[in-house]
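Below: one structure in structure tokens.
Chain nomenclature is as follows: A, B, C and D, assigned in order of appearance, with residue numbering initiated at 1 for each chain independently.
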Amino acid sequence: MRHILHTWTGMIEPELKAWRRELHQHAEVGFCEYVTTYFVYQKLQTLDFTLHIGKDVLDTKSRFGVPTQETLEEHEKRALEQGVPEAFLNQIRSGHTGVVATLDTGRKGNHIVLRFDIDALPIEEANEHTHIPSKEGFRSHNKGMMHACGHDGHTAIGLGIARFLHQHKDQLNGRYTLLFQPAEEGSRGANAMVAKGWLKDANLFLSGHLGIKSLPIGTIVAQTTGILATSKLDVEINGKTAHAGMSPHEGKNALLAASSMALALHSIAPHGEGATRINVGSLQAGTGRNIVPGDATLQLETRGATTIENQYMKEEAIRRIQGAASMYGVEAEVKVVGEGVTAETDSYWSKQIPKALVQSTVVKDVLPELKLNGSEDVTYMMRATQQAGGKAAYLIYGTPLTAGHHHRLFDFDEQALAVAVNALAYLICAENGEGILKI
Amino acid sequence: MRHILHTWTGMIEPELKAWRRELHQHAEVGFCEYVTTYFVYQKLQTLDFTLHIGKDVLDTKSRFGVPTQETLEEHEKRALEQGVPEAFLNQIRSGHTGVVATLDTGRKGNHIVLRFDIDALPIEEANEHTHIPSKEGFRSHNKGMMHACGHDGHTAIGLGIARFLHQHKDQLNGRYTLLFQPAEEGSRGANAMVAKGWLKDANLFLSGHLGIKSLPIGTIVAQTTGILATSKLDVEINGKTAHAGMSPHEGKNALLAASSMALALHSIAPHGEGATRINVGSLQAGTGRNIVPGDATLQLETRGATTIENQYMKEEAIRRIQGAASMYGVEAEVKVVGEGVTAETDSYWSKQIPKALVQSTVVKDVLPELKLNGSEDVTYMMRATQQAGGKAAYLIYGTPLTAGHHHRLFDFDEQALAVAVNALAYLICAENGEGILKI
Amino acid sequence: MRHILHTWTGMIEPELKAWRRELHQHAEVGFCEYVTTYFVYQKLQTLDFTLHIGKDVLDTKSRFGVPTQETLEEHEKRALEQGVPEAFLNQIRSGHTGVVATLDTGRKGNHIVLRFDIDALPIEEANEHTHIPSKEGFRSHNKGMMHACGHDGHTAIGLGIARFLHQHKDQLNGRYTLLFQPAEEGSRGANAMVAKGWLKDANLFLSGHLGIKSLPIGTIVAQTTGILATSKLDVEINGKTAHAGMSPHEGKNALLAASSMALALHSIAPHGEGATRINVGSLQAGTGRNIVPGDATLQLETRGATTIENQYMKEEAIRRIQGAASMYGVEAEVKVVGEGVTAETDSYWSKQIPKALVQSTVVKDVLPELKLNGSEDVTYMMRATQQAGGKAAYLIYGTPLTAGHHHRLFDFDEQALAVAVNALAYLICAENGEGILKI
Amino acid sequence: MRHILHTWTGMIEPELKAWRRELHQHAEVGFCEYVTTYFVYQKLQTLDFTLHIGKDVLDTKSRFGVPTQETLEEHEKRALEQGVPEAFLNQIRSGHTGVVATLDTGRKGNHIVLRFDIDALPIEEANEHTHIPSKEGFRSHNKGMMHACGHDGHTAIGLGIARFLHQHKDQLNGRYTLLFQPAEEGSRGANAMVAKGWLKDANLFLSGHLGIKSLPIGTIVAQTTGILATSKLDVEINGKTAHAGMSPHEGKNALLAASSMALALHSIAPHGEGATRINVGSLQAGTGRNIVPGDATLQLETRGATTIENQYMKEEAIRRIQGAASMYGVEAEVKVVGEGVTAETDSYWSKQIPKALVQSTVVKDVLPELKLNGSEDVTYMMRATQQAGGKAAYLIYGTPLTAGHHHRLFDFDEQALAVAVNALAYLICAENGEGILKI
């Protein structure tokens, strides 16, 4: 006999898929998720949650890497054109995106905090017929922005869990906080939610990611290791323009300085003690073909297995940036626009997750551990939970992938959405609703 | 006693300055000079010229480096907003900018063709108080576009010469063609005017440039040498994006390939036989900070004292671009978007100019020769003139400069405008209006 | 009461130190260890071993990266000058260095193979007074060659174990093979010993390294993980010289190609699945200051956690070498001159080592595992042992270090020598001489 | 009827060729021309000259870029082995090579100074059968040293002129000084001869070069322009070695710093006002393959049309060297080891040369001017002559070339030797021996 949660999962599945597809079309980059925020808000409005938006969600000054006012205003204009009411927009302007939904059953029990990240990436989505979002008509409407990391799925999972809590609240104990977090990419948003105090009395914290390494549908990973510490740096280079034919010797070439930086940054030696990464993700230099380029900008990130390795990479990066600048006689200003820490999942959950999911018929397999080798600013929330005496977990929801994360052909199998919701529901029941599991 | 041309020059001076300042505010890059074209057209409309615009001016297919349709449309939208009537715009859409004005006195005489280039550069103009356009309120209205090479002055000089011809047409012989040429920067526009046949029966050709090397006001250089042959190349690089933390090894890094290209291109050995130049003027690579960059573009130019040196640079450049691409496992497509040839000024003018200007009290000094070390697509017109049996000259109109050409602080002394008009008027009179000179 | 092995260790200690210091002065690079080989041979000659040298030790063709005949001859000349008898030298000429010593007790028991590497590095040893070999007068006599990786200590340990076996042979069972291996640096020698069949019936295999990570004296690590697979590549670049002033354009610059290679090689993205390394250890380019460099050579190595990661690095390296060559119009020839595989230590030893060493009063602490992040061609021998059904271990002998391995100030604490010998002796006894332990 | 000088030229021709071929075999690099110096000395000893060697020839401290004592001693050892008597060698040790030969006719007349450079290049000479020195058995005996710039020919021409002066001294007036200068390559030797005062009362100065640009045999160029100012720099880089596998992050990579320098140096923008050059002629970095390279050296030179352009290049070079060093956290020390100035040939000679050579039947053609685009430390001597009120000329002796200067296949047509001697003899006669010409 199948458990009641199996049936419920089956019922929610079509909606999860529909939500995900609508979100996919509205892909919006970090702190510009105005349409996404409004969409989440609308879906939650009819349910039994207290909703928080704008400056209640994020501490303004604790955000990292907020876009320029000019960029934010362009996106706000776009949001208005795409149907966000002006009154709503006014509450979340200037990059105060994201939603927090809270629910108190009034009964004793754990305070469970769940987090879902909602932002997309600055990638132009593939338009090939083999790419399902393109073939089935839900490709991103927003030029140069794409859900290429599955956060559209994470948001849909969050909406699914909200529905589950709403429908089962009478059988559940304790309290619930759902964090729909903006700007995970670039490790920019989590810190600002933590600073607002949302984790300060969390007993249990749960979050997760769709599809690392193409695992089969039905697989859940209980413990994600290898979440890398990270720093995000912006570099602004000022040289001097000159006529490239008549007086090249009068220029101070910002483009060559930037190119030299990029090569030198990517040739930083790996640290012998643990994994390191560097990526110059963007380089923009020069204006006209016949002008010695006087300006350039770089966006880069460093990562390390722990804060030690990341710090090594960051310091070495700054040294090389300044060295390359002095090499070409230009000025370089380096700004830290994001920082991510390391955090470890609690062994409590490593044991609890396989135990709780054993009953599920949707979850076919629970792997004990997987190494991410990526960064996730969820670590700020995990750390805050642990500092408050709570237990944090970060799961992987298995799914085959069509292409790697951050690739223009990235896509996942939508069946994974229901599996994720089912797994989280089982974990919630195991902690705060044993009654449901006994049915 | 001062000659009548001296008096006339004094009268036109305030207008030259006013025109120049208005043009300066409407700085527009090549093939996007919609407002500038309309401005020139309006000023000429009330004078005794036959005016030609749109596809009469330029041979559509002979233009080099026309911007994308999308960019052109943005500029056309801007032009409408800035007051260009839709009916006029429709005649010059899709980069058919520039004006040709012809005048036939009906009397025997030389066919004198004069050329004035009208385009600006993609540079954000300085906003310091020390920068006169900023201080005196005629800084460019157009973000990211600036007259940093004095073509606003050239256009004003052209309007001044038009006024001169109009006012003195009864005392002049022969025929006149005034070419207001778009897209000189990047050597993109002249070829398309030549292809339309405007030089096919030119006896005499005159053009010039304001302010090479900060000469004093009143100085005219009779012969410009060292006009370099040039090629303009666009490079499009396609690699493969990947998650920079989880799977950097799956990426094909277009940004590093582009950086490596830039360094390798700038390290091409100079040619032992004559001057060479290379400039990677723009490099745009990558999208997001945590994505291995999958795309990049470069805009570059090569130059050489003659076609041999330029050809060497161009071939070497292409070899390095392809080598760097294969080094990083990416694809690079190279497009030639502009070509400039060398041309020499005719000794006829070297002798004639000092002789004709000796009467001028405005022109204080005539230098026989100056080396440009730059490229100028006027060479297409000079060559066409010479092929038709005519004689071509390219003058320098001396002026102190506040900063080098193509610098955000570039500015010239507006007194040079009247000197240039005066000099050209004397040359016209010497060839086709001896009567005026005798007065 | 202290065990008899404790007393024996104390007695051998002064000799270990003396041997090590003499070996230190005779530092010789791989396949050129003529003096070292003779030294080892002499010390073993008076003991109960059958000794093998020359082509009995190494399979000629299975050696990697043998120096040129010219280099070998220089070293052979040096060896003669330093006292190696010509008759002995004739047996080991052309890079047939190393010694194998075998001992058969005639009694049933395990065949235990122990391996000690004997080569030094091409580093000029420090001459500061703070550097003990310099202060105490045993600095390398050989210019540009230095024991900066502790193999002088390993060789001394091997001689100590030989003494132990010789002195206790009546109380021991089984058979013993001591491999004094040349050319470990560069992963060049082990394969040639394996090819000669020395491991073909090994039951148990033991080797180890002094001083990874400055552990305290008395510490033994039972299991070394993270031994990286590796490839060693030589690159020869042929361009074209030219006069740097008169005709730079006629050159094909091998130096710039090599420089560009070095940067591109060091910017290969790390593999997401496991550790990777690359090192261009040597670059020699050009001849005269005013000649466009026509030739260059590079020596480099790649490493990876497993053969997969190393293969990725190697392929990517070759791609970049060829790409940089085509970028500069030069030819590059790549030769693989060494390859190291990965191997894992057997869990048999992980359990056996702590158990056997518990009785030792010299060994203070046994750590279960340490990550090397280096390469060691001992892996060829470990793999051969395992293929023969035997069990292999690779230990770390703890010692503080004055500077990192391969540094000109590298030095270790000589007390570690006796600890290592003591530990190996206990392990031998535990396997083949229980009787001794019971005393 | 042919002039007597024609006949004399024909007689000396076989000897010129023989001398040149012997010198070619003894190719020796700058300040190491011990065998060459002895050869020249021997040939002059039987003639009527006062000979000067050693510290009489060169001011010890005014030499640039003297090799290390170690290198000098190796060459001195070689010279002994190659037959230079120890007593002679003792007078020219430590890089005091070169010979000065003086002759005073006792009669009034000009003091004519002639200069011949004698050094070779650090290039391994071609061994192909197509290379005449190889085919005809006079390839360089000295490994890695080659006369690839024709100074063997210059030296032979000097010996020819010595013979001419000796044989015709009774018909000649005035005084003669022949400077056989060491170390022209690298602009290192001339300054030290000037400092010794050899030019202090020169009325007329003559020197020249074989074969710029493959002119036909019989051609003489009267005036060489475009002799570039130059600086020669040595760079020593100190980083920190480390184990490339275990602790790459502890290294400071001198090889990557040097590679980055090389690329940055070669990408210095050309000067808009006149020709510039840079060449990193040698880069040596690193020791072992698995060691992060801790040391590197570079040898480079800059050049410029005038001292202004060269100074720009030199300053920019030093900036880039220091910038690259700080980029990689290494130390770089820059030493100036040579400097060459610009000098202009005197118009006196431009007129005199064509006039004087019109009688010669060996010289077929006198070109007024050729641009060298190279550096020559003869400029120190030309400047000293001019400062003393004298007139200096630098001729080109035309010859076809098999390959460019400084190429391993470089060779010239030996017929050019007699033409050069003939031309110089005519010039000497025109100034100091009209009588001979009248015969």
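Quick note on the criterion: a residue touches a chain if its C-beta (ideal position, glycine included) is under 8 Å from a C-beta of that chain, and two chains touch if they have at least 3 such contacts.
Fair warning: this is a prediction, and the values are worked out from it, not measured in the lab.
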Chain pair showing more contacts of the two, A-C and B-C:
B-C
Measuring between mean CA coordinates, which chain is farthest from subunit C?
B
Length of the line joining the C-alpha centres of subunit A and subunit C, rounded to whole Å:
46
How many angstrom lie between the CA centroids of subunit B and subunit C, rounded to a whole number?
67
Specify, in ascending order, the residues of subunit C that touch 2 or more different other chains.
243, 245-248, 250, 253, 256, 260, 263-264, 266-267, 269-270, 272, 277, 292, 373
Can you list the subunit D residues touching subunit C in their complex?
121-124, 144, 149, 185-186, 212, 228, 230, 232, 240-248, 250, 253, 255-256, 258-260, 262-263, 266, 277, 279-294, 296, 299-301, 303, 372-375, 404-408
Per the touch rule above, subunit A residues touching subunit D in the complex are 243, 245-251, 253, 256, 260, 263-264, 267, 269-273, 292, 312, 316, 319-320, 322-329
In their shared complex, at which residues does subunit D touch subunit B?
263-264, 266-267, 269-270, 272, 275-277, 373
